[in-house]
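Presented sequentially are two complexes of chain A, the first with chain B as partner and the second with chain C.
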Partner chain A sequence: MEEAPKSKLYVFEPLVRKLPEVSVPKRHVPFKEKFIWSALTLVVYLIMAQIPLYGMAAEAQNWWGSFQYILASRSGTLMQLGIGPIVTAGIIMQLLVGARIINLDLTQSRDRALFTGVQKMLAIFIGVIQAAAYTLGGAFGSPISLQAILLLIAQLTLGVIIVIYLDELVSKYGFGSGISLFIAGGVASAVFWQAFNPLESGAFPGELGGAIPKFFVDGVFYRPWPEPSMVGVLATLAIFFIVIYAENVRVEVPLAYSRFGGIRGRYPIRFFYASVIPVILASVLFANFRLIGRIFGGSFQEFINTYLNSPNGLTQVAADPIRAVVYLVILVGASMGFAWMWINMTNMGPRDVAQQLHRSGMSIPGFRRDIRIMERVLSRYITAVTLLGGAAVGALSAGADFLGALGSGTGILLTVSIVYRLYQEMAREQISEMFPMARRFLGE
Partner chain B sequence: MRRRRGREGELPPASAGLIRYFSEETHGPKVSPKAIMIFAVMIIIFEILLRIYNPLST
Partner chain C sequence: MLRRFLYECRRVLRVARKPESEEYWKIAKVTGIGIMVIGIVGFVIRLIVELIGA
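This part shows the complex of A and B:
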């Protein structure tokens, strides 16, 4: 391959070289140590999500709505911004590289290092901006002294920096990544609390907070949102099993090596090929529309708040079934669109997969060893799977919200998929420690 | 939520990740995981002490 022109991003390289990083483990981290690091990090995160910000003039406002579950954020605490800045920076970087706006070759080690470093700097930058927006926007009360403003921005930024390094720590010394761990931890504790809370609910004095205590004490099976009920508990369980089943559904494209006497292999395309990312992107888009609606007001705002906002629980669905149907159609459509966009922007589309398979010397038996033919065959599978998977994820999320699932539809969807993958990784890790010979098959 | 891609010539990823993690070093100053933990815990303790000994009157 000819020498590609160096990316303009290289102007940041001297800065990246000054940015501290978590040291890479020198040896294989044993299972027990990985477990301890992951658990410790999660505990530290959850504690920080309980430490109130110093200098607030009033009770903090929650600007994220139920979106805070996905961002692992908690209003008014050090973790107000949660993983928002990291995720935003990650999405921006992937899209810029995927759309070739930034010219980085991620098969090159030096470019990968630069990508990682710039992503981290961008996350800190976005963190500062969001911290300032929140504080100056009056989320912590206004009027507010200059001293308090600076204190709040500094604390929020510090929170973001700590989360960035905790995430890096987990991805190097623990299981999975920090952000998935924090999301799963936050949603899991919300689900657990909504299901089992034995105390009175804060909003409705005299009502039992948890769905299960309420069912056993008063025999109440259903009550309207936001109070959790058994219907929500059952919906949560249903989503749990559906997602685990769907995670295992895949289409396998037969492959053959051109070398080694044509050994056969398979390339699996998972049903959730774009994962749950389409729903996340759709919710981000809807949340932004709601913000725009707030600015414009009037019938535009009314439209957005009605149709780009999920009805929660059966009472709200029954009150306006048309709204529920329209929301479902919009979310499913948006999810399909985002699924398609995401895989094409992140080098997972038919052309890129065909190129990667071709480069590793593989072809599809029964077809000519031509990269264009391969692309066409793969395109048939990948397009169908991506669109179907995207639609399924959107429908699941909407359905969960309609039934009032605990911890919000998207939150529970994301958490089950994270926990399941974590489980798989841990199982794999354990096998490879018990049978060191198996490591070769597991590709370590 | 993640995807890890290592050496060249590897198979394409089986499913998408929101963020890409690479094992590359960025050549910055190295910090041990213990130091990160200690730093986070110190911030937590500092925030609590600040609240106890210097409550803002607003």
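This part shows the complex of A and C:
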């Protein structure tokens, strides 16, 4: 067999080899151990999100706005950059491989190792760049001494490196991924803090911080953003129940095995086919526009901060309803686009699914056993579900923000679906441990 | 084409399987507890930090 040309990326291989790595577990990691690793990592993250940066000249500015939640970032702490660098590096690498600018075959273990290694280096590199941009851009106050600048960049970079390795640890020894665990941890803590905070609000001395204490002490049901109120608490609960519902809506395509005398089966297509990824991608895109806006300033920045940034709470929506509508339309449109892009990038499109089903000897009853016909039938379902699901996720996220939901609309959306999937994974793992034979069916 | 798409959407929503009430509440309960546990841990850590800092 002719050997495929090696990717130019291989110049990085000696460097990647030197990069420390969490070793792959050599045996099946038992349920209990996985649980302990995940819980431990989550606590480490939550503590790091409380450790203030040393050397700040003023209170840290939050450049991300409510995007901080999906980036698991917390201003003024070691987690200022959160998972931003990892996610950005991941998106860049995916795009480069997807567009075949980098020629790597991710089914090959050596190519895959190189891919993850380079992605890790890129994440650290982006981390340093963002750390420098924050510090030099005056997010921690200015003027600021050279010593403090270097110290701050070092701390932020250290934070990024720790997050990278914690993520790797969870991916290999825990449930789900570290990234999703950190997002859920950050959002869930923010929701609980904003709801129950018994202390004075930091921004408004003398005002109770939490929505529920405020309601019971002063009988206040609504107050304008950023102070959390009961309206936000109710909106948060509503989003929770809607997302749980929508996560469980699925379209089932009837199937038949051509062997085994035509046993009937069903192929489920979930309503959130591309899950919440479209909103994440749209938000990351908007967040990056926000940073670009900072650089250009002027009316460009104003435009981005107005229309690519959700109005928070009913007061802001009422003040500028057009802004709310424009934002809603842009977010829904972008989510649909990203949903479509995502399923095609991750082999979830009609053609890929048809190929998988065809290979396993299935066909759609009432139709000829032909892969093109199968693709066409599947395409009718998948196209509609993908776009509808993408639109729904975008609309839910925007709606939650309009109502001033705690922890941001996208944040809640993400957290509910992350924790739901975590539960599914844990349940599956437990079954496979109780019945080792079942592991085969579950594809482990 | 838009009309055709909207028609497909309506059809897909009609044939979609919605969760049954029992299944739904079970999932809501488990997921809710999961979020509560994570949220309470984060809340306690933050409360300790804020009280020490004050």
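Throughout what follows, the second predicted complex is superposed on the first by the 372 of 444 C-alpha atoms of A that agree within 3 Å, B and C clash if a C-alpha of one lies under 4 Å from a C-alpha of the other, contacts with A are read in each partner's own complex, and residues count from 1 in each chain.
Rule of thumb we're sticking to: a residue touches a chain if its C-beta (ideal position, glycine included) is under 8 Å from a C-beta of that chain, and two chains touch if they have at least 3 such contacts.
All of these numbers come straight from a predicted model, not from anything done at the bench.
When the two complexes are overlaid on their common chain A, residue A:Gly84 makes contact with neither chain B nor chain C. Using the contact criterion defined above for the overlaid structures, shared-chain residue A:Leu40 touches chain B, although it does not reach chain C. More residues of chain A are touched by B (comparison of chain B with chain C). Within the superposed three-chain model, A:Gly185 lies in touch with chain C and out of touch with chain B [touch as defined at top].
Judged by the touch definition given at the top, the superposed model places A:Val416 against chain C, while chain B stays out of reach. In the superposition on chain A, contact is made by A:Gln356 with chain B only, not with chain C.
When the two complexes are overlaid on their common chain A, residue A:Leu199 makes contact with chain C while staying clear of chain B.
Judged by the touch definition given at the top, the superposed model places A:Val16 against chain B, while chain C stays out of reach.
When the two complexes are superposed on chain A, the residues of chain A that touch both chain B and chain C are 47, 250, 268. Those residues of chain C whose C-beta lies close enough to touch chain A in the complex are 5, 8-9, 11-13, 15-19, 23-24, 27-28, 30-32, 34-36, 38-43, 45-47, 49-50, 54. Put simply, chain B touches chain A in their complex at residues 1-2, 5, 8-33, 36-37, 39-41, 43-44, 47-48, 50-51, 56, 58.
Residues of chain A that touch chain B in their complex: 16-24, 37, 40-41, 44, 47-48, 51-52, 54-55, 57, 78, 86-87, 90-91, 93-94, 106-107, 109, 112-117, 119-120, 148, 155, 158, 162, 165-166, 169, 171-173, 176-177, 179-180, 183, 250, 267-270, 272-275, 277, 280, 342-343, 346-348, 352-353, 356-357, 359-360, 414, 418. Residue ranges on chain A touching chain C, taken from their complex, read 42-43, 46-47, 50, 184-186, 188-193, 196, 198-199, 240-241, 244-245, 247-252, 268, 271, 380-381, 383-385, 387-388, 415-416, 419-420, 422-423.
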